[in-house]
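After this come two complexes, each holding chain A, first together with chain B and then together with chain C.
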Partner chain A sequence: MTSDILSAIIVSGIVLGSGYALMASGLSLVWSTLGIFNFAHGVLMTLGAYLAWTVSDAAGLDFGLATGIAVSIAAMVGVGILIERVVVRPFYDHRDILLITVMTTLAAMIVIQKGIQLIWGARLKQLAPIMPGNVRLLQTTISAQEALIIVLAPLVLCALWLFLGRSRIGRAIRAVGQNPSAARLIGIDVSLIFIIAFAVSAVLAGLTGVLLGSVRLLTPEFGAEPLVKALIIVIFGGLGSLSGTILAAYIIGLLEATLVFLVGIYWAPSLIFVLLIFVLILRPQGLLGKVVR
Partner chain B sequence: MLEAKNSEPLLEVRNVTRRFGALIALDNVSFSVRKGEIFGIAGPNGSGKSTLFNVITGIPFPPSEGEVLLAGDPIHRMKPHQISRAGVLRTFQKDAEFATLSAGENVYASAVYCGQMTSAEAKHAAEQALDDVSLAGERRTKAASDLSVFERKQLMIASAIVGRPKVLLLDEPAAGLTKPEISGLSDLIRTVNGRGIAVVLIEHVLPLLLEVSEHLMILNHGAVIASGKPQDVVRNREVIEAYLGKREARL
Partner chain C sequence: MSNNTNALEIVDLRAGYDASDVLLGISLHVGLRERVGLFGPNGHGKTTLLNTISHVIGPRAGSIRFMGEAIDALASQKIVARGLIHVPQANRLFPDMEIMETLELAAFTPRAQKELKTNLECVLSLFPRLAERRRQQCKTLSGGERQMLSIGVGLMCAPRMLMLDEPTLGLSPKLKDELAEAIAEISSRGIPLLLVEQDIAFVLSLVDRMYLVDHGEISREINRGAEVDHQDIMDMYFGSERA
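Now for the complex of A and B:
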């Protein structure tokens, strides 16, 4: 393996990992706060990208990219709250909330995905890049947008980290995740925290969509594959551990880039799964997950 | 009206009923707790004691019918965190602390969120509350999950009193404790009460209940079967029957 091939693998692995980290951290946040998987998370990424496209593109409202991104992010707050209210909240007191919300969030995913197809049609779309042009990194040329993703993802994740660790609401989110009864007892409005967790998570999904929407082509299934990857990453990283999720995202990104080079794009996803199953046999709690007593 | 002045009820439960489908877990329960009182509640397993605490605090559910008033104001329609902030706090039978936080951090969190204190105030109040329950030294910096059963009870009570409650509901605090620890718990309850906090105590350990309670209420099948001075209540025939069955009660 020559050095330029190696650097190409590393760079594309980091680009992939950055996108996965943004995507999976939102999924991880909802899991660690509410103990459910939001299967509509991927389609929120799609919706975010389509909204930004509609507002910004010349074929849409033509208000420019910055407005498009701002509108999309603001709308995602509302969409996150709506999903929490409609498909999750009615089942909070139910014993089988985990299983029920698998069904209801899958249903939300299908409804939104079909809605997108109905509104925007099946024709491929693409967002304009935030940063046009190319950049050279480690002897490899990538688009400036991909370089932006590499830089922006750690910044956003750092902001999320600080929010959860330092802010009053962030700490309340972690308290609710650890022990909802104790959180209520010490005067935390748990239902408000659930809404905030969903809204933040939806914004992260929308942001991923906006960033990847100029690197990939937009279809109603745009978020389906990233959702599956994000699910794997959250489990692989250790359920409930944000740092585990982020670490796992970059590992899977690099692994995927390596496997695509070695065995081709056709077999790479299957091999990732096989490797993960082996890792989870050896370490069932995931990379940084704690063994539950 | 004159005698009501001194015994004005602080926490009032009026005709509270809680149903789960066809099951009636609480059946038209009424009682009131005066300011600064220690109010004991006993009853066989499944008699609705913990459900009563659940509906008073709204964690995890409110009553199906009836009213709960704190100092005359209705609280049964409030959200759980509002009830906590209004001054009704509880402990649980199961552990209800943040396991990865230290004892000090647990109490601090309670002071910040429930007591609505600034960081500096909360730190000071947390130290004070831990002093009050005599949880000292290195145990304050240990993770809550590494504390002993009794230390966790101390922590639970410290977390509750730091929020300056008016009423503290203790759900079987003596469960799993040794005899000397139960005696320590009895002192702890008196200390809390000495701070002007009314205590409602659910307990199976009757000697503890009889020792500290000024008033004792017995529940069976979700209904109040006896209520009054502890020494009178334990001699009540219906109470003995509820605990031991009719045949033994006749003996």
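Now for the complex of A and C:
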């Protein structure tokens, strides 16, 4: 393997991993706070990208990219809150909340995806890149937008990590995830924390959509494959561990890039699944997960 | 009518879970500087009573007043904000958080935040063992340390009244004495106390007055100094043939 092939694999793996990390961290946040999987997380990414496109693109409202991104991110706060309200909140006291919300969030995903198809049509769209042009990195050329993703993802994740670790609200989110009744007894409004966790998670999904929307083409199914990857990553990283999720995202990104090079794009996804099954047989709790939740 | 001679006043409180009624009409009060015990066999509703007061579960009937104001319709966080603090039984707290982080977080309401510094000093001087282990995670604490942290967390909430649910559950006699001292110290600062305990000697050493809970009702009230009828207590535990 020559060094430029190796560096191409590494760079494309890191680009993939950065997107996955942004995507999966939102999913992981909701899991560790509420104990549910939000299957609508992928379609939130799609929605974020389409909203940014409509506001920014010349074929839409033509307000420019910065406005488009800002509007999209702000809208995601509302969408996150709405999803929590409509498909999660009614089932908080239910014993089988995990299973019920698999159903309800899947339903939300389908409804939103069909809605997107209805509003924006099936025609492919693409966001303008935040940074146009190309850059050279480790003897490989990538688009400046991809380079931006590589830089931005760790910054956003660091901010998320600091928020959860240091801020009052962030700590309250973790407290609610670890012991909601004890959190309630120190004066934390648990349902408000659930709303905040959903809003932050939706913003992360929207941000991923906005960033990837100029690297890939927008279709109503834009977020479907990232959702599946993010699910795998959250499980592989160890349920409830944000650092595990982030580590797993980059590992899977690099693994995918390697497999694409070795066996081609056709077999790579299935091979990733097979490898993960082996890993989970050896380490059922995932990379950094706790043995029991 | 507001009554300013009591911190807590409960009248005919009923509560339970799903189809089962646990509290069958409880009335009690705790004075402004009073320490009151709550004693009764396992499963007779002591924890349920505290859970209802702090609105972890909703009351089905009856009234709860704190510092003269009705609180039975308030959400838990609002009750905490008013300073009625419930330290729950066998609280495992936040497993992955460190002691210091937990204490800081516990000063969550705006009022508690204002008192964070003084309350933290107070907790660490009351329980020096917590100060020694400030970076240790809750899940790795011993039973005694966890109980101390649990009470410390209650103090960080800036209590105007404390309700402690079996703070010495499963602890050695030596640790019990240590905790008794800490609790006495806390209440000597004028914080009224409602103390649930299974250890009769422990309660009597700490309280001014005590209620016996029997099948979701208050069966007796015992004043300090009054002759404690141990037969009553034996009856509660082993059943009574007397009329």
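Keep this in mind: the second predicted complex is superposed on the first by the 292 of 293 C-alpha atoms of A that agree within 3 Å, B and C clash if a C-alpha of one lies under 4 Å from a C-alpha of the other, contacts with A are read in each partner's own complex, and residues count from 1 in each chain.
In this section, contacts are C-beta pairs under 8 Å (C-beta built on N, C-alpha and C of every residue); 3 or more make two chains touch, one makes a residue touch a chain.
What you are looking at is a predicted structure, and each value in this text was computed from that prediction instead of being measured.
With the C-alpha superposition on chain A as described, chain C and chain B clash in the combined arrangement. In the superposition on chain A, A:D62 makes contact with neither chain B nor chain C.
Legend: residue contacts after superposition of the two complexes on their common chain; A:G187 is shown touching both chain B and chain C. By the touch criterion stated above, A:D96 is placed in contact with neither chain B nor chain C. By the document's definition of touching, both partners, chain B and chain C, reach A:A175. Once the two complexes are overlaid on the shared chain, A:D4 sits clear of chain B and of chain C alike.
The intersection of chain A residues touching chain B with those touching chain C, taken from the two complexes, comprises 168, 171-172, 175, 178-179, 181-190. Put simply, chain A touches chain C in their complex at residues 168, 171-172, 174-175, 178-179, 181-190.
For chain A in complex with chain B, the touching residues are 93, 168, 171-172, 175, 178-179, 181-191, 293. Against chain A, in their complex, chain B makes its touches with residues 57-61, 79-81, 84-85, 89-90, 92, 96-100, 109-110, 112-116, 145, 159-160, 163. Residues 54, 56, 75-77, 80-81, 85-88, 91-97, 101, 104-106, 108-109, 112, 153, 156-157 of chain C touch chain A in their complex.
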